[in-house]
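Both of the next two complexes hold chain A, though its partner changes from chain B to chain C.
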Partner chain A sequence: MMIDQAPALIIIFPLFISLVLTLAGSLGPRVAYGLLLCGMAGSLLFSLLALGQVVADNQAIHYRMGDWPPPMGIELVIDHLSGIVLVLVSACALLTAVYSLRTAAEDNPDRLHHYYALFALLVTGLLGMTASGDVFNLYVLLEISALSSYGLLARGRGPAYYATFKYLIVGTIGACFYLLGIGYLYIMTGSLNMLDLAEIISRPELQESVSIKIGFSLMILGVWIKMALFPLHAWLPNAYSKAGITTACLIAPLMTKVSVYIMLRIMFTVFSVDYIFDSIAWSQVVIYLASAAALIGMISALAQRDLRMMLCYIVVAEIGYMTGGAWVANAAGYTGAVYHILADGLMTLCLFMAVGAVIYRTGLTSMAAMQGIFQRMPITAVVLVIGAASIIGIPPTCGFFSKFYLIQGAAQAGAWVFVAALLIASLVAAVMFFKLLEIAFFGDPQALEQEAASGHGHGEHGGQPVVARHEAPLSMLIPMVITAAGLIVLGLYTKEVVEFFIGWSIPAGF
Partner chain B sequence: MDEIFHFIIGKYNYWASLVLLFIGLYGMIAKNNLMKKIIGMVIFQTAILLFFVSIGAKRGATVPIIEFGPDKQPLLEASAYANPLPHVLILTAIVVGVATLGVALAVLQKIQRVHGTIEEDEVLEDQRQ
Partner chain C sequence: MKRLTLVILAICAVIMLAAAVDLPDWADPASPASTHLSPDFLEQGYGETATPNIVTVVLADYRSYDTMFEAVVVFAAALIVLVVLRHTPRKRRKMLQHRPVREGRDTVLRGAAQLIIPVMQIFALYVVGHGHYSPGGGFQGGVIFGASFILLALCYNLKFTIERFREQAVLVCVAGGVLLYAGVGAVCLAMGWNFLGYAGLAGILGVGEVMARSHGILAVEVGVGITVFSVMMSLYYDLASGGDLDEGL
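Here is the complex of A and B:
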């Protein structure tokens, strides 16, 4: 009974929780925190149930909202691809919710329940986008998550407002391009359901239609703006690095990954492999863009002095990896792209959490905060090392395996520029993290104390003297350690993940 | 000449929405005043709404409510009815647009309070200090 309704409950449960949270102001922060945990745990449970059913039946679940049959009614589709992305999103959201106990309460001394309500609404939007089987419904949920992310980012105060404003303008342009693209497709096909659209577009008379091509271009352009692909990425580092600690941990790993997932959906579910790579001959250009994104993102990250700015540019570089993997047009590249969505979601979360804990304890956001971290916060330091190893691509972390598939795919397609970009970007990442770990290992904790005392600290903890051993609170350590363990476990079970989940979602034609 | 004239006049709804689209984009990119950027954003959204509304309209068509003929049979002729779906979609998109406008104005108010101005160059100058 419950299992039949699981696809709808994945979305409706956190939506309901966010509604309750807006009304829960008088019940105090503990109740709000409990409600949020309950909501995120619920969506993780339902996501796992849905994924379990997909794997057991080896076919996609088509859930009709209100029992209206498609193509007129709204449909939720959960197949192997959306199933694992749903589990990733809800698991990351649950870990961030646990992590938020201290940081969210300090960033939002008043109206914490409103912050948590936006948190739950953002997750609702992300889960909805992933499960939606209808292009217009996807637009609405895209805007729901975008609007709640503007609200969350603007809670960072001070310089965050202007960064959020710019993100709002750019994000709206992206969403409007996507909507206009839907309009072009609708004129030619008269349908909005993804599977129905795919069937109509595959008819020979529409293969050469200019309207369909413009529609595809506008939709992809809109999604590229949303996911910050290289020339369109300028809004991301500013908006994400000014946000509160919890907000950055929630938004930075998930928003861009779900946008990449949407790109894969549009490319391979709505349109087909033949259409993308034969009728629209862009793949070479996109591979160059992706290579540039990977290289320029990593080199910009190397140049940053601010810890979170550095992580934000790493996110930009990782977007390049996934886009390149999707456009090299073979099964290995596709596998690499999908596996990298999972791996990158976890490793970005891991790094943002570890850096967030350092910022929480020291009140500094610059590299100086890392000095002597191995002595002061040993567990956080180990988590950071595992996250860094995964970004660089050191086995057995999952970052190695996703990069392995991506390079294999690029080599099969003969895209040597992309292979070179991946290898050089890994090298740059290695240089960057070894520089960081050198400061962390050999840096003098006393220097940090002096710096904090002399008033260079920016945060609320700037004036606090640093004691010799000052580990992050338990509510932050537990999700951090779980995420770091998740990186290694995902890496060890790469073969199973690829075989049972990603293998089933490889589109026909590869 | 005549053909070009007919090409432009015959599809005037698309041209109108295209012109509005570019006015909106220009406003968002080129204007220094953040309020004018928001106005550009609204024009940009409205252009897309106009595009959707115009694809559902038909000359001489009636409201999409099915009528019954003298023999009690429904008169089902698609060309006699306007297409309701784009209009329904755009109702949702209008709501989304209003919500975005509300959030944008709230953030703008905060910018004004923190930086004391809504001119982009002055805000950037203020941030550098």
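Here is the complex of A and C:
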């Protein structure tokens, strides 16, 4: 029975935890932390159960909410694609929850349980969007995750309020476009269920309908705003770089990846390959947008002096990779895009966690915080190097394999602009991280200590300046190391992941 | 910049007009929206749920999962305003420079409030309870119920209202309403049906499956009503006093 109900429990479990956390203020921060961990672990468990069943039966699970058959009721659909994204989201959320022990308590001394309630609510929204088989239900959960992310981001420091307010306006515009698109589809088809919509839209009389074309364009535009595709990305670096450490680790890897997943769902489940690449006039332009996003994102990242600002622009560039992979219109590109959702979720999480630990220990967000990092925080430094290697695309990290598929797909499609953008972006990323490592190795750590005015002593030892080791706390180290190991394991098992999961979700027509 | 905004708006307007070209006529009974699912809802709705108001049936039964998350959206709004605005130890600058201090001694206002508020509350309960038969339901009834408390705060003062309905109690209601909704779903799940399959309540309530759906709709509407009214109060408390809950409008 547990297995049958797993699709609903993935989403309902964190929702209940969020409601209980709202009321659990008097029980203290430890209980709140425990409840959050319990919620995230529960989601991960049910996601794994559901994915296991999908792989065992080799067919999608359709879960009818309220026992109503679709399209009258709402259904959850867990197939190979949504299954792995569910596991990714719940695993990243669990790792971030473990990581949050110190930072969340320090950022929210008074309202930790409400902060955690929003945390669980955000994860509920992301999981719900991923599992949903109904375009309007997806919109409702999009609102839940967006709203809770506004609340979490506004808890950040200094100018976080202004950045979040801008994000709120832009995010609402994006959601409105998506809703408007659904409106057009509903008027023309009378249905909201994705599979039912797909069946109706594939009928010949609707192939040339202007309303449906514009509905599709509006939905995609809304999702692009949500996932910060160039040139609609301006809100992202500001909003994410000023967030609290835990908030950034939670939101930056997951929100944009789930938005990419939604784009894939709309493109290939609701609409079809033939429809998009034959009937939509602008579908050829997207590859150039994606190339521009990859290039401009990476070059902007190179120009940043603030660590998290740099990571945020990397996220913008990675969004370009995935968009390009989806729109080169072949199986290799699609595989690369889906694999990159997994890889990029992990590597962004890895980098944000490592940088968060550095910020936590030094109190600085500029690149100067990296000075002497290998002496002061050796494990964090190694995690950072693994994350950086994955962004650059060095084997055996997973970043290499996703880029391999993306370039293969682009080359098959003859999209040489995208191939060039990918290669140049990788080069720029390499330059950027070597610059960072140069500061880490050759920067003067003692200057930093004076700058941060921290109390712990440093003396002369054998003529070499010795810097006190001051590693991140264990609650941050464990999830960091697991994530970094995940990057390598995912890279080593690329063939299996592609064969057992992604290969099954390649849409018909490729 | 302003000119760019105008250009973008103009482009959007042209796109909207272009999209209207092959839309079906206004209120066309042969349009897909009226022929695809609506007939099924209209023909089967009453038979399956014993509830004559089809809007309520679609809202709280066929698409009950959406409605639960709509209630969660309302809940999230209250939580966010609380997290952002409510007074924290890191003392922020006061948001309201000038605060009206009112003693609430105005006889005419108090008299009017005493007359209106009980009627409003009874009517709110009616709107929630009568959602099965007439326009109404949890959202509308909850708004009227919440408005009655805001009227109390306006005609007396904020302190007077908070003494009668403490912030902690409001919070319990905010989460409790959604908890009731999701709890009904979870009970159905525990009874061996899918989440929010109200037919699972039949065994507990001792009625048939159809009647159980009708009762299930009422239960979730009450949950929505509790959340909506307490969220209105929570928002009013925080916004009217700049998050200090001491004095304000």
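The definition used in the following text is that the second predicted complex is superposed on the first by the 495 of 510 C-alpha atoms of A that agree within 3 Å, B and C clash if a C-alpha of one lies under 4 Å from a C-alpha of the other, contacts with A are read in each partner's own complex, and residues count from 1 in each chain.
Please note the rule applied: a contact is a pair of C-beta atoms (placed from the backbone, for glycine too) under 8 Å apart; a residue touches a chain by one contact, two chains touch by 3 or more.
As the structure is a computational prediction, the values presented were derived from the model and not from experiment.
Visitor: Is A:Asp67 contacted by the first partner chain B, the second partner chain C, both or neither?
Guide: Only chain C is touched by A:Asp67; chain B is not.
Visitor: Using the superposition described at the top, determine whether chain B or chain C touches more residues of chain A.
Guide: Tallying touched residues of chain A, the top partner is C.
Visitor: May I ask you to decide whether A:Pro204 touches chain B, chain C, both, or neither, giving the answer as first, second, both or neither?
Guide: A:Pro204 sits against neither chain B nor chain C.
Visitor: Name the contact category of A:Ile173: first (chain B only), second (chain C only), both, or neither.
Guide: The first partner, chain B, only.
Visitor: What is the contact status of A:His114 with respect to chain B (first) and chain C (second): first, second, both, or neither?
Guide: second
Visitor: Figure out whether A:Ala154 sits in contact with chain B (first) or chain C (second), or with both, or with neither.
Guide: both
Visitor: Touching chain B in one complex and chain C in the other: list those residues of chain A.
Guide: 136, 140, 143, 147, 150-151, 154, 161, 186-187
Visitor: Please name which positions on chain A make contact with chain C in the complex.
Guide: 1, 5, 8, 12, 15-16, 19-20, 22-23, 63-68, 71-74, 109-111, 114-115, 117-118, 121, 124, 128, 134, 136-137, 140-141, 143-144, 147-148, 150-151, 154-155, 161, 184, 186-191, 200, 209-211, 214-215, 217
Visitor: In the complex of these two chains, what residues of chain B are touching chain A?
Guide: 21, 25, 28, 34, 37, 41, 44-45, 48, 51-52, 55, 85-86, 89, 92-93, 96, 99-100, 103-104, 106-108, 110-111, 114-115, 123-124, 127
Visitor: Can you list the chain C residues touching chain A in their complex?
Guide: Chain C reaches chain A through residues 15, 18-24, 31-38, 40-41, 61-66, 69-70, 72-73, 75-77, 79-80, 82-84, 86, 88-89, 171-172, 174-176, 178-179, 182, 185-186, 189, 192-199.
Visitor: Flag every residue of chain A that touches chain B in the complex, lowest number first.
Guide: The contact residues of chain A facing chain B are 136, 139-140, 143, 147, 150-151, 154, 158-159, 161-162, 164-165, 168-169, 172-173, 175-176, 179-180, 183, 186-187, 192.
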